[in-house]
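Two complexes, one shared chain (chain A), two partners (chain B, chain C).
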Partner chain A sequence: MKGPSIDWAGLSPVLAVMGGAMIVLLTGLLRSRFVRESLVPLLAIATLATFAGLSIWQWDEGKDIVSAALRVDTFAMYLNCLFAVAGIAAVLLSWRALAPRESAHGEYYSLLLFSIGGMAVLVAAQNTVTLFLGFELLSIPLYVLCATEMRRASSLESGLKYLVIGSVGSATLVYGLALLYGATGSTDFSEMAGILAARGDLARDSLLLGGVALVVVGLAFKASVAPFHQWTPDVYEGAPTPITSFMAVATKAAAFGVLLRMMDVALLPVAEDWGVVLAALAVVSIVVGNVGALGQSSLKRLLAWSSVAQAGYLLAGVVVATRLGVQATVFYLAVYMLMTLAAFAVVVARERETDLGDHVDSVNGLGWTRPWLAWPLTIAMLSLAGLPATGGFIGKISLLEATVDGGWTWLGIAIVLGSAASLAYYLRVIAAMWMRPAPAARAVPALAGGSQELDPPEAPREGGATEGAFAAEHDGHADGDGDRRGHWEVTLVAVVAAIATLAAGIYPDPLFDVARDASESFRALL
Partner chain B sequence: MTSVKTFAWLTLLLPLAGCLINGLGFRLLRGRMPGYVGTAVLLGSFVCAVLMLFALQDLPEERRQVEAVAWEYMTLKGSVDAKLMLLVDPLSVFMTVTITGVSTLIHLYSISYLSGDRGYARYFSYLNFFVFSMLLLILAGSFMILIVGWAFVGAASYLLISYWYRRETATAAGMKAFVINVLGDVGLVLGTFFIFRGTGTLDFLESFERVGDVSSGDLTAGCILLLIGAFAKSAQIPLHTWLPDAMEGPTPVSALIHAATMVTAGVYLIARMWPLFEQAPNAAAVGAIVGCLTLFVSATIGLVVTDLKRIIAYSTMSQIGYMVMAVSSGAYVAGIFHFYTHAFFKALLFMAAGSVIAAMAGVQNIDRMRGFRTAMPFTFGCFVVGGLSLAGVPPFAGFFSKDEVLAYVADRGDWHIALVVVGYVTAFITAVYTFRMIFRVFFGEPSPEARELEDGHLHHADVPTNPVSGEAEDTDVGFPGPEHHIAERALPMRIAMGLLALGAIVAGWIQIPNVTEALDHFLEPTFAESRFHEELHPSDALTFGGMALGAVLSIAGIAVAYLIWMKRPAIATTLRERFRPLHTLFANKWYADEALDRLFVRPGAWFGRFAQHTFERVVVDGLFVGGPVGLVRAGSAAVRSRQSGFLRAYAALMVLGLAGVVLWFLLRA
Partner chain C sequence: MTLHLSIMLWLPALAGLVALLVPRAISGWVAFVGSLGALAYSVALLVDYDAATGSLQYVTDETWIEQLGIHYKLGVDGLNLALLALATLMFSACILWAALEGDHRRERPRQFFAWMALAHSAVLGALLAQDLLLFVLFFDLMLVPFFFLTGIWGPGPDRVRAVTKLFIYTLVGSLLMLAAAIATGVLSSVQGDQTTFVLSELEKVALPEGSQRWIFLCFAAAFLVKMPAFPVHGWMPDGYRTMPLPVLAVFSAVLSKVAAYGFLRVVTPLFPDASADFQTLMLLIALASILYGSAMAFTTTETRLILGYSSVAQLGFITLGIFSLDGDGAQGAILQSVNHGLVTVPAFFIVGLLAARAGGSQDLRDMGGVAFRAPILAALFLIVSLATLAMPGSANFVGEFLILFGVFETKIVIAIVAFTGVLLASVYMLRMFIRAMHNRVGAGVVPTDIRFADGLVLVPLVAVIVALALYPQMPLEKGQNTIPPKVEEAGRLAQPERQAIR
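After this line comes the complex of A and B, so read on.
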């Protein structure tokens, strides 16, 4: 008996990440502490590196695999690389975190990898069935991951909320997909587009339009577009911070990936119908996200609201339905990932170093005490707000170019006004870092692992403030060292992401080229 | 071609590297290491600049305008073409070589001069950053890079002028310089916009080609705005008041900012933009007249000021006035030539003044300085060489360049003759005030400090005081810190001053009329198509007559100075009494600060108060801000109040949103 021919090369990225997830899961069963705490994350990183490498190998293939259920093209491979980077960052941030210890390392990292596998399937999906398969494969591990700090009620709450609201979103999506099938009689994206283009009367068909509406809502939920965003701040705040950072960047990239594919391939012929809706949602997101972030004192909630606003900006690139729009969206996804990772890495670091959790006060005076954390967060905030010489600036400019070029100038104006307003809360964080005094050194709890005799006493500062200023300028060693539970891998993520954000703002050419390549996967677009 | 580009980038990036090494590695660099690092990178930059010059000379003459594009920063469909691009042509290369050369010597001088200062590494980091910014400005190949470099120079000058940040007068001076410079930045940016509107490109060479597309109104407006930028950077009336105050910075900073770099940026800008200014003769005339006004006014102030560094500062303004007048009148090569010789003798004068001020333990008032000739023979020698060059005595460098400027401007004829007359009068005044400094500081009965130095001991004040306000100050602020350095005792300072003194003597010999015209030929490719470059050729009679007149005037000036301050000291008092109103006018700097205060600052402040109390509270706060802020607050409250934490509420809103979207779609069906 002869089976169908299988394109192993095309499948290899997905296979690698799934296989790696299995290996990680099984390795995690070993009892050695070294294996659990070091080998498992290392294996996860190796898996993700392989995943990225194979995606780069398949970069220019542009072929359909698995009976055209999946499409291996530059666009999907580009997003795969983003997922891999986000995944590696998440692994590094989780390395010494509480969550994997509480939930067992093997399970934690393999769930992360399964989720990435789901994303890879999702953005390569070419028909509604694989789309939904990827969607669920991405979501379910994340529901669990949100709840991995099992002894913290808010983590459990976050997982549960995500599960319930996520189910509503999934239900909406799957219903919408069913209606689309009902209207067009096809599950394949390009066939659907062909049918829609051929039969003009379908554009006024309530079955089809209802389906489009439900699909838009289902995907908007995943991308945390207002008014389907309400889960975002709660889930972001409750979930373990490394997972939050992963959700913020990778899930968003996956959601926009599938949104682009759905809208700009399958539903392109009815672009006139959904364009206005998405534009309206984009404006609502920009307003709601920026307004909601204003009064936040929790950094994670602040970043959650800001991610709602950023989703609004990104949506503008989908609305225009041009290659320029796709290029701007995927470019912005990459810089959004970098700047958000830098910000979350600093939050992770400060959660471990202070008792203040993710409160804005936890970064007070960071500029003086921890410049290696303060600069990345500063760069991330400026980039999120879109200041020149950062990746966020270039990203916003290209989104603006796309909107103006596509005839949606008013949407561009909304983006500009939104970014201007967003400075109000981004600058607050920067001001806290550079303009407020650092909190007094934390009193060492007598019974929490340290002892008064062994801990070095706080060196008495002679001569008051002027001496202090002198010491800060000339002899920072006193402040720089000492055990503050600063973990190098967290700082590494922050610094690398911040440098990359700056690089994308100063030398955007390479990333532009890659984004242009990715946008050329959409052959039907102008 | 490629080697030109490589050297251009190296020249530019080496100072930046030095800035980063010193700025980030200050904890690792001990002792004088930051100074050595800072100087070494600058020396490397200078070598690269010279190699760039040679590489450029190897190219055929018509290809000596090389554009080095690193990458395209942003190209938006049909509008902006922002490229990270340098333009290497004879003009920029010549400026680069001069700037890096003189800056290297200033760095070298600073190694010793600042070595007692606590912010040593910070100082060199700023200094490197300043040179980087200046090179960015000079080598810029498009308006975008020019604007960036322009703004960086302003920021760097702020950092350097307020380097002793605990000295209040210094921080105030830094702010003043920065504010006036930002005014210039605004002019530059708006001017760029006017030109960009017509040409549609930011690229220099393309803009120059398409200058015909700009309407004449736009072009004149654009050029005048560019001039505002140039005036602010080059301290021309009425935007000059920051420069004398900027003397609050360490003396080598004054040498750097006010000799070869920042203040010449305006001259460079006008020379670089010649294709624009030649099409906008009215704007060029404004430049020429303002330059002429500045050169005269600041020379008269230089006659009466008693602060040693400020005399030199006013003389800088005056010399920059010559350059601005030259380049605005089409005498481009002459203007650049004067920039080049000025870089040498002015840096030298500042350095020598720094040495004297160190010997005085920070005192800058020439009333208290006397008879340093025997105590500081080397400094004296350098000061005299610089002074002779500044006064324009043959065959020192300043003589050739100043007379070339005046001869070329005179060749324009017409009303330019009036400018030239003022120029010659000022040349005479220049000689007088220069030798006023020399005679008063170095001759006569030695002052106590000079006597102490003759006995082999460097004077240290009991209580260090701020030279301007006279308040006692903390030596941690820096100079006058615990250590002082004079050229006689510090080798790096001596090398730097010696080399500059050599330059101040011979630098002018590259361009002697009818003998060598090296600079003219070298700059030919940049100005080849210029109308004035073709037309302006002063006759031999004009040239040599002018030179003779210049020489006579300078020697007469020295003689007058000798008469007043050496021979019969009483004359000075008599003159002061006789011309009391004039003296008051000069001593109060023509009331420029007061005029600016009355004309702009006070009305501005009054308007500001009115705006704040009346307009702002009622209209802005109430209507514009209050409304949106209230709206945003209400929105924020509303959005957050929806964020109840209850799942059922979230699901309800989702369903509501869903219903809205579905309804919209179904209504279209």
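After this line comes the complex of A and C, so read on.
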């Protein structure tokens, strides 16, 4: 007897990451310290590399799998690659962090992988049920991950807050999906589009409009689009920084991925109705995010507010509902990931090296003491602000081109004015690094080992770092006194992400080609 | 002769990178050699450029970002030829000045020279670019080095706040320009065709007047802030107080000219209808800048600000020339850009020397009486002052004459008011010269003459001023077939009847 045919190749990326998550979870049960602290992260990286590799293998298959519940197309595979990169960066940043030690390594990394599995399902979803499945699979591990620094109250608070607000978002989303089903009688995206296109009068249907509104709100929560962003600064600040960086880039990419699918496939026939709404949300995000970031003295909060503003820019690419818009959005998502990872890696490094946590003062004088961290952060800030020779500039150009081309010029003007305002806080970080003296605290004996005048050591002092980690584990302080040296993998993430940001600004053609391929997955768009 | 503009463009930046790696004592000299190479290149261009056709020459055209339709297109014509020479000469002079100031004056010299060199390349890029977005890219990029140069090496505790203000002020305009530039390209392209931003292609398409108007205003915002012109000069006083001297000199001399150049390169040829519509507004802004700048230069006692406000007035003249929308006026504007750049740099250096002799004070009231003990300094300062106030016989006189001639032909009332600006210039420049050089020796003043190293920079610059005074036709002849056509269309639209009579 033969069961239904299963396209294992199409399913392979999701299966790989889910299977890897199980292996990581079980491996983490072993007692050996080496296994827990080194093998588990390595396995997680290997899983993610496999995930990315399989996604590239399935790059331009363009097929529906699992009775058209999921779609394997370039768009989904492109986003899978982004998730994999963000995941690998998060693993590297977590390698010697406190959070996995406190919550057990196996659980920590497998939750991360499960979350990525959820993202892969989410962005491939072709009907509302799979969409919600992916949405929850992505969210629930993240709620836990936010609270993994169990002995720090703000981490627990962050997890709880994210859980409560995230659940409200999920509830709103599922209600909206139910209303959409009520209005169209279908859960399938393309069927939904067909029904909407066939019956033009549906556009004035209050059931449909209510459904669209609730779906937009639900997804806006996840993408931290204002005014549904209130959780963002608190959760970003409280969560362990590697998790914050992962949420900032991967969750945002997933949320925008599904937003594009929902809006530019299922709801495309009623684009007239949601276009203005999303444009208004974009402007509100740009204003709220940039104003909110102005007074922040915590780098994580600053980046959180800036991510709200960036969500506004990204939303502009969704609003226009053209292939150019999709291309601009997915291009900007990649660039946004690179520059944000560079920034967060530096925050992680400074949290470990100073007592100042993520305060802006922690990077004072960084330009002269730790150029290998200062340059990545400088490039990240310039790129986030959209200055030339960085990926952020090219990304903004492509977003502007898409908005003008789609007839939304005023939205383009809002983007540039927002970018100009954002300089006020991005430049503050740059000024702190290059124009303020290094904190006197650097001279205390704990630092005596690392007198790096101009050129920091690229290679870490292995023994010292391990000792520090050991001490931290035993006295259990959040910052781990004595663990005050740069970790090479953190610097590596910062430097690689910064170089990639520059490369995207100087030679963006390859990334654009990929982004165009991804945008061609949207066959209904112009 | 084949001259590769890419080499000229990137040579300074490359030298800047090398300057980061060599010992600190010679890093300045490495950067200087790089900018000297660019200067040699621009001299070769001046000699080799064939002015008879007025067309773009030595063109480099590669597709840079295919998806966005952005080309890496560089070219030289009569419009940017003289300004390239100005920019390379001024950067060379300022980097040399900074190198001669010596190691003891400055911490971390390698980064300083690397940023200077990057600024040099960015300015050359803005001048050479023949693709609208490439121009915008370099225009924005040239601001970044100045943030670091001022924030790290500037004098005064307030520098970070001041330079942040400068940065945001100018970038609001620049980013609006970015949006406008993209709109220009997208709106000019035929539906379905690949968007292009190449200027020569864009010139072929006439945008609807409504689009032209808002696009014009965005570009004008960027250029007027950068100049700075009267109502949007708010960043200028703080910025001028807090920049290191060589940085300030090059900023004042070169960056403002790129803005003036932008009007002629982009705005008047691409948006002739809007240029004609807003002609009166722009002339009034120019006039306000002249009067306000002159009045402020006459009343302030801070020497740096006297030169700063004098720049506001001079840039007012240049704007006046451009928006006379007349061939002579535009020629005069470019000549005057070169002239003003040439006198600004030595003027700032002399002011720096005077401040050093007055115990570090920038204030005119603490100076005085240096002339007799420092005859060389006095002579150099006198030449620079007379050139600045457009003494007949100087190239500045020719420039201002052409500008006023152009305006006179179109807007006679504005020309008459602008004449007072010429007069006021002599008042504030002579006031500064007399109070700094003559009168009693100031209380804390040590009247010594210039060092050999100072002369090494100042004397060649003053020699160029004198040379240009003797032969001002040179830039005019090079530009005569390129510059007037840039304003021809807009001028025709502004005054149809006058053109008809001609």
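Note that in this section the second predicted complex is superposed on the first by the 482 of 526 C-alpha atoms of A that agree within 3 Å, B and C clash if a C-alpha of one lies under 4 Å from a C-alpha of the other, contacts with A are read in each partner's own complex, and residues count from 1 in each chain.
In the analysis below, a residue touches a chain if its C-beta (ideal position, glycine included) is under 8 Å from a C-beta of that chain, and two chains touch if they have at least 3 such contacts.
Treat the numbers as computed from the prediction; the structure is a model and nothing was measured.
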{"item": "Clash or fit, chain B versus chain C on superposed chain A", "value": "clash"}
{"item": "Partner chain in contact with A:430 - chain B first, chain C second, else both or neither", "value": "second"}
{"item": "Touching partner for A:509 - first (chain B), second (chain C), both, neither", "value": "both"}
{"item": "Touched partner set for A:172, first chain B, second chain C, both or neither", "value": "first"}
{"item": "Which superposed partner A:401 touches (first chain B, second chain C, both, neither)", "value": "both"}
{"item": "Touched partner set for A:277, first chain B, second chain C, both or neither", "value": "first"}
{"item": "Chain B versus chain C as contact partner of A:409, first or second or both or neither", "value": "second"}
{"item": "Chain B versus chain C as contact partner of A:102, first or second or both or neither", "value": "neither"}
{"item": "Superposition clash, chain C versus chain B, among 149-157, 383-391 or 401-409", "value": "383-391"}
{"item": "Chain C-contacting residues of chain A that also contact chain B", "value": "394, 397, 401, 405, 421, 508-509"}
{"item": "Chain B partner contacts - residues on chain A that touch it in the complex", "value": "161, 164-165, 168-169, 172, 204-206, 209-210, 212-214, 216-217, 221, 227-228, 230-231, 233-234, 273, 277, 281, 287-288, 291-292, 294-295, 324, 394, 397, 401, 405, 421, 466, 470, 473-477, 507-509"}
{"item": "Residues of chain C defined as touching chain A within the complex", "value": "65-68, 70, 108, 133, 137-138, 140-141, 144, 147-148, 151-152, 159-160, 164, 167-168, 171-172, 175-176, 178-179, 182-183, 185-187, 195"}
{"item": "Residue numbers on chain B that touch chain A, as the complex places them", "value": "26-27, 71-74, 76-77, 118-119, 122, 476, 632-633, 635-636, 639-640, 642-643, 645, 647, 649-651, 653-658, 661-662, 664-666, 668-669"}
{"item": "Partner chain C, residues of chain A touching it in the complex", "value": "327, 368, 382, 386-389, 393-394, 396-398, 400-401, 404-405, 409, 412-413, 415-417, 419-421, 423-424, 427-428, 430-431, 434-435, 508-509, 512-513, 515-516"}
